[in-house]
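You will see two complexes here that share chain A, one where it goes with chain B and one where it goes with chain C.
Now for the complex of A and B:
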């Protein structure tokens, strides 16, 4: 049954997923080409100085894309279910309501991973060629909050779509917007290093929010 | 099913609470905070007293610490070394102060200015720094094409090609080992700027807490164990200090060479060719929260610490003997009725970016104990209204 859900979700979202993959890869390629261009036209010493002392990071172009990806993927996955009133049917599958929704979210997480990893890996590979290990460490702690924001945005969007009452939707939207803003503070690289474990834990907990919305949806609250 | 519901509700409730603690006070203080400009304080080598200038309703007000109001001309005359250009233009510049001939070029040479902010102390900047060659024969400092990493050994990483310069790395690792440096380095400091009067090089504490000065001179490694240049008394005193932070100084006269903090937040300077350690007896200064400024001229040095609600100044002679001290309590930007109400409305306030570090963190400020009765009364009112509505139905 789980495999069927995975297959159904793939059929439904593959077009949007392919578009998002193109956009994610496009941004990654742009960032890499931009880095090459900067290296061709500027002294590497200047680039390293700009990175170390002014916080220049070539991958910063990618910052908001995981957020957008998470939102669009959740919309692609759950909006058709709601518009076509298929979600109620899915919730009556014999595997149990929570497991059905969890399987849907699992598909979303897998698809997101398959969007973020192909975009991030080339950027990391290029960074290894141009910069020392300190840069790679900073890149990891700087870009992880963006990925977490994408995952949390996906969970909140799914919850908003599954939620049955407008008042609850508004409350969820406010909480989502206010929390996700905190993932994009404009400061020096590695700024999130000390709070990263808490952000990871919180993002993991957001998995339960769409499950709550689906319970309320089924009960008609 | 119940555990999912419980976990989700707890997650949402805690998130809402954290967001309220963060955005609530932020919005409150956007609305109610006031700006208070800290006074500018200088030490007068004429009156041997501090001159305080503060912004009043009709412009700058100058006064002595005894409350005597001064006009601008009087204040400038009391601070001739600070206002030299103006006094020279007006023909009021003394040629001698306290037996010292005032020569304008020497005056410029002897001026020093040091500043330390909390975010410099707690910074995420990586441990890669340029090591300038002081023996190139050029007037201006030239940027090297590599960066020094001091870890388990000395490594020079070339920016072009992102490769290790094995020869230079081995040269410095060997020279450091020979000088008694025990790897890995525990603390490293340098000034990466080329816009400075001269280059002090890199200062590094080894794993045993010994301080070394590392320089490159005509492609040669020059390593100096700082304690070796100190007097016996200074060496013993310095060995007892646990250095927690260092800031390399390159003032035009080269007197103050290193500003450092000990593990208790005490402020120290290493002064002169013999690296004489000088402790600045600041009482209120907290390095993680307050700003520090040190200024020097031909006759005096002055250290100013300023933070939320206070400014503290200490004046020294050229040999860092304490001359005078001035402290003033200042109105806080977040004070008065607004602060009292904020403490009740927000049982705790949470900031992620304190502005005092380049890292984000959880900076919690507790509110008032009155928050509890406030929210109890509020809950009772809501309960009462809901009950009244239910009865009416």
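Now for the complex of A and C:
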């Protein structure tokens, strides 16, 4: 049954997913070229000074893309369910209602992973080839909040679309905007290193928000 | 399990406006029941409660013996549900949607679905979003019947359908229910289509059950008489037999659960000096309008 839900979600979102993959890969290629440019054209001492001491991020172009990816993927997945309240069809499938919604969200997470990994892996591979390990660890901790923001944005957008009432949507949108702002307070190198576990926990919690919205939808609240 | 559907004392309000005021009725297994009512009578609210998309303020609703808000997956697999407007996943084509649904239903019979599809002028690769409303209705119906459900709820099945597709829809339902094992609840505003199809009839008016009876009994017992009389003022009060009197320029009308031998005395009780009393034939739609009014 879960495979069937994956099949449905794939048929529904594959065009948008392919477009997002092209954009993510395009950005990754740009970031790779930028890293290579920094390596080739700048003095190693200057790079070390800018990167480690001043916290300058040479690959910050990728910063907002996971956020945009998360929002667009959630819209592609849940807007068709919103039209004509089509979600009723999915909720009537012979599975537990929470399990149905969780399966939809699981598919979304998988599709996002399949967008982020092909984009980030080559970027890290190139960075590993050019720069010392201190830089690479920092790259991970710097870019992780962006990925988490993408996941949280996906969950909030899904919740907004599953929500049945406009007033609740407005409240949720305000919470979402405030919450997502947390992920972009700083783009300095490794700025989020200490608070990263909290951000990971908060992102994990956002998984339950669309579940609550779907429960409210079912109760007609 | 005594009933396929059992609603007890359902009450619900939207804000301050009452939508259901203590509604109780049941559907016996193997019966086809029409849930009828004018716009705003409470049909959609009831259907939403039945399909667990609305929690009533009070009262209970059971489907195949389970509370409608906590149906087990096994029971859900025994219930087919047609959403108003024949809503389906428009991004699928004919084959894809069959493949999708088949994984969920243990009794799935693809031949039922493809048999219905074969009657239509559509290919297996045609997307549902590109179909006409009539074609989409047959796809939605085929998907429900392929589940081989024990209970089907058709919410306003006639919405947007031309007479041909409406007739086709009814024919398919009638064939499917012919074995007498399927329980079907349907709502529609095209009441003439339901004549000869529904075994039972529940008529709502302003959030209450006005009539809950066998259709045959309703057609036999609810009668209309025309008569001539000088101008009159009838005071019906709370008539227990749903008595209605209409004044018209030529012949006046009286309808209700009134036998032919009681008509003259009933009219006399109402202070109407009636003459030339004649019984007139009534369709189910006539009865519905007589009971619920035109305004």
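Annotations
Everything that follows uses one rule, which is that the second predicted complex is superposed on the first by the 217 of 221 C-alpha atoms of A that agree within 3 Å, B and C clash if a C-alpha of one lies under 4 Å from a C-alpha of the other, contacts with A are read in each partner's own complex, and residues count from 1 in each chain.
Note that in this section a contact is a pair of C-beta atoms (placed from the backbone, for glycine too) under 8 Å apart; a residue touches a chain by one contact, two chains touch by 3 or more.
Because the structure is predicted, anything quoted here is derived from the model rather than measured.
Once both complexes are superposed on chain A, the partners chain B and chain C fit side by side without clashing. Look at A:215: by the touch rule set out above, it reaches chain B but stays clear of chain C. Comparing chain B with chain C, the partner in contact with more residues of chain A is B. Of the two partner chains placed by the overlay, only chain B lies in contact with A:98; chain C stays clear of it.
In the superposed model, A:166 makes contact with neither chain B nor chain C. Once chain A of one complex is fitted onto chain A of the other, the partner contacts of A:178 are limited to chain B, with no touch recorded for chain C. Once the two complexes are overlaid on the shared chain, A:130 sits against chain B while remaining clear of chain C.
Put simply, the three-chain overlay gives an angle of 140° at chain A, taking C-alpha centres for chain B and chain C and rounding to the nearest 10. When the shared chain is aligned, chain C comes close enough to touch A:12, but chain B does not. Contacts of A:3 after superposition: chain C is touched, whereas chain B is not reached. After the two structures are overlaid on chain A, the closest C-alpha atoms of chain B and chain C sit 9 Å apart.
The residues of chain A shared by its contacts with chain B and with chain C come to none at all. Taken together, the chain A residues at the contact with chain C in this complex read 1, 3-4, 7-8, 11-12, 80, 84-86, 88-89, 91-96, 217-220. Interface residues of chain A, counted against chain B in their complex, comprise 43-45, 47-49, 52-53, 97-98, 129-132, 134-135, 138, 172, 175, 178-179, 182, 185, 187-195, 198, 202, 205-206, 208-209, 211-212, 215. Looking at the complex, you find that chain B touches chain A at residues 1, 4-5, 7-9, 11-12, 15-16, 19, 22-23, 123-128, 130, 143, 145, 147, 149, 157, 159-162, 192, 352-353, 358-362. The touching residues of chain C, when paired with chain A in their complex, are 48, 51-55, 69, 73-74, 76-77, 79, 81, 83, 85, 87-92, 96, 99-100, 103-105.
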